[in-house]
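By letter and in written order, the chains are A, B, C and D; residue numbering begins at 1 in each of them.
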Amino acid sequence: MKNDTPKVFKSIFALFVVAIFMIGLFYAFVSMPKGWGVNVNNRVSRLYILKNVRTATRLLDSGKFFAKGMKPLRAEVPYKPIKFKKTANLEDGAANVVTSIVVDYRGFDTLGEVTVLFLAASGVMMLLFGKRVKPKRKKTEPSLIMYVGTRIAFAVIFLFGIYIFVHGHLTPGGGFPGGAVIASGILGLFLGRNGYTPNHAGLKVFESLSGIAFVIIGLIGLFSVKSFLANFLPTGIIGNLYSAGFISLIYIAIGMKVGSELAAVVDSMIGDTKEEWS
Amino acid sequence: MLNVVLGWLGTVLISIGVFFLFLGALGIFRLPDLFNRLQAGTKATTLGVVSTSIGVGLLVKGWLPFSVALAVFLLMTNPISSHAVARASYRAGVKPYHGTSPDECAKRNLDFSGEGEEK
Amino acid sequence: MIIYVATIVVIVIIITSLIAVFSKKLLSSIISMGLVSLGVSGLFFFLQAPDVAITEAAIGAGLSTAIFVIALKKVKKGETKDEE
Amino acid sequence: MQVFLQNWIYLIASVSLIGVGLYIVLTKENIFRIIVGLNIIESGTNLFMIAIAWHPKAVMPIYTATDHLAVNGKVIAADPLPQSLVLTAIVIGLGTTALALAIGVKIFEKYGTLDVRKIKEAEK
């Protein structure tokens, strides 16, 4: 389209395109298997779903649980009915199924996603590096309430972020939200102080070390269990803090990495404007 | 016996909290300008939410530590955030209600003017 | 019963996203985008996905809006010129 | 009424969010507004994927919140696979948004404007 196209025509065309797109999405959603139609057994290990189900043994014997064409599990693994917080787990030890999909079943995919996040963060740093704007406006001190309050709140927020990613295999949460919470605490420090800069070298070292730790845990799995990112630690009792094998270790690494990366993104966005932010 | 006392205490606390939350909502509707509304929306709802959460913690078994932690965090952050909003809006040039007697900020000659504009 | 609460949230989200389209100022458009993210995180909780709800509330409503506002402050002149 | 809402309300929400975002991307000229539209499209897509995983009687796929995920041979938990995909997609969305904003700031430094048409004219 040329530049001098009237605006009304343009918006009518856009509405037309949007209408076609929305009708297509409706059709796709309606024709998709939804809810009860999806067999979760194909996506998660069957042992996972059967945790703490009282009728599990009966169903396993009758063979009703599985979809057509699946072998009953009894033949492969000796199966006992599992009770929550009572018995050790057969599969993994994690109470949170989403966590164990992110770290265990799709661990390699998560490594790739962390790499994408690292590339995005370093791209932001490269684009905004080295620009120093001189302060045009006179500085005013941020108020004392903000200064003290953000310092106290930062401690609480930091502790909460660490809690989230340490308990990732038990409660909702994990490395990604924990890192985001820590980064938002650092953003609060930026807002509360005048000219606050974090320790850049410390951030970089932290980020690199946690990335290296992720790969090293994967390599330990490769050399001890013969598969990259395989679980090499004993799986404890479901529901305990020390359970789920290496999931909590990897989530700690991911939380540190995501937190330091997002903090670096915020720093390189704010850092060179040299204005007050209170 | 203890359960009955705790139940009554929790109910009274929740009633106080609901009353103050209602006052906060009423203040947001009735008061004239931004600063007064911010005052009503912060002061009343801080007490309201804190006493409501502690009352719920007394009523339900085992929730007291969580609700006390929630109350402490709210007590800490809510006034700070409302102070930040008020300060930023004053610096951005929001004029107070004309009935506000005397404008102490302007009186003390604090250097807030013209911060939001290019020179 | 929770589906009626979700319906109210959905109506609020749609109205807020329409504000993001039709508002003249870029800042109010960004703020309404953050509100859309907050409402979507509430819907995630109703859809039985608490992990995703926590992540969306921390990132979509908090950090993303903050980064937008910071970047907007760098290009303050560009906002008023081309919005007509 | 309840059944109708359960079947359709999340679909309506996600599709209308995607439509609104697409409208912003197609019609607006300011680069930052286009990035706002992309973010709204991202929210709608995430909602779409989570809504596929849900059914009206679903429970959370977390054992600390619910006792069992399967009753009488039927899985009653929400599908955890799209949830894990969306969990990582949100974080990556923030990274790409920050990258796009950095590129927008650089464009503003070079051309002095954020309007797409004026940038196109300046290129000629």
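Keep this in mind: a contact is a pair of C-beta atoms (placed from the backbone, for glycine too) under 8 Å apart; a residue touches a chain by one contact, two chains touch by 3 or more.
Computed from a prediction, not measured in an experiment: that's the story for all the values here.
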Where are there more C-beta contacts: A-D or A-C? A-D
Intercentroid distance (Cα basis), chain C paired with chain B, Å: 24
What whole-Å value do you get for the distance between chain A and chain D if each is reduced to the mean of its CA atoms? 16
Between chain A and chain C, the Cα-mean centres are separated in Å by 20
Could you please state the distance in Å, as a whole number, between where the Cα atoms of chain B are centred and where those of chain D are centred? 33
Can you list the chain B residues in contact with two or more other chains? none
Touching two or more other chains - residue numbers and ranges from chain A: 96, 98, 172, 174, 176, 180, 262, 265, 269
Residue numbers of chain D (touch at least two other chains): 16, 23, 53-54, 58, 60-62, 65, 77, 83, 87, 90-91, 94, 98, 101-102, 105
Show me, using the given definition of touch, all chain pairs that touch one another. A-B, A-C, A-D, C-D
Residues of chain B touching chain A in the complex: 73, 76-77, 79-80, 83-84, 87-88, 111-112, 115, 119
Hey, which residues of chain A end up touching chain C in the complex? 96, 98-99, 164, 172-174, 176-177, 180-181, 183-184, 187, 262, 265-266, 269-270, 273, 275
Within their complex, chain A touches chain B through residues 136-138, 140, 143, 145-146, 149-150, 152-153, 156, 191, 278
In the complex, chain D touches chain A at residues 11, 15-16, 18-19, 22-23, 26-27, 48, 52-56, 58, 60-65, 67-75, 77, 79-81, 83-84, 87-88, 90-92, 94-96, 98-99, 101-103, 105-106, 117, 120-121
Spell out the part of chain D that touches chain C in their complex, as residue ranges. 2, 5-6, 9-10, 12-13, 16-17, 20-21, 23-24, 29-30, 32-33, 35-36, 39-40, 43, 46-47, 50-51, 53-54, 58-62, 65, 77-78, 83, 86-87, 90-91, 93-94, 97-98, 101-102, 104-105, 108, 112-115, 118
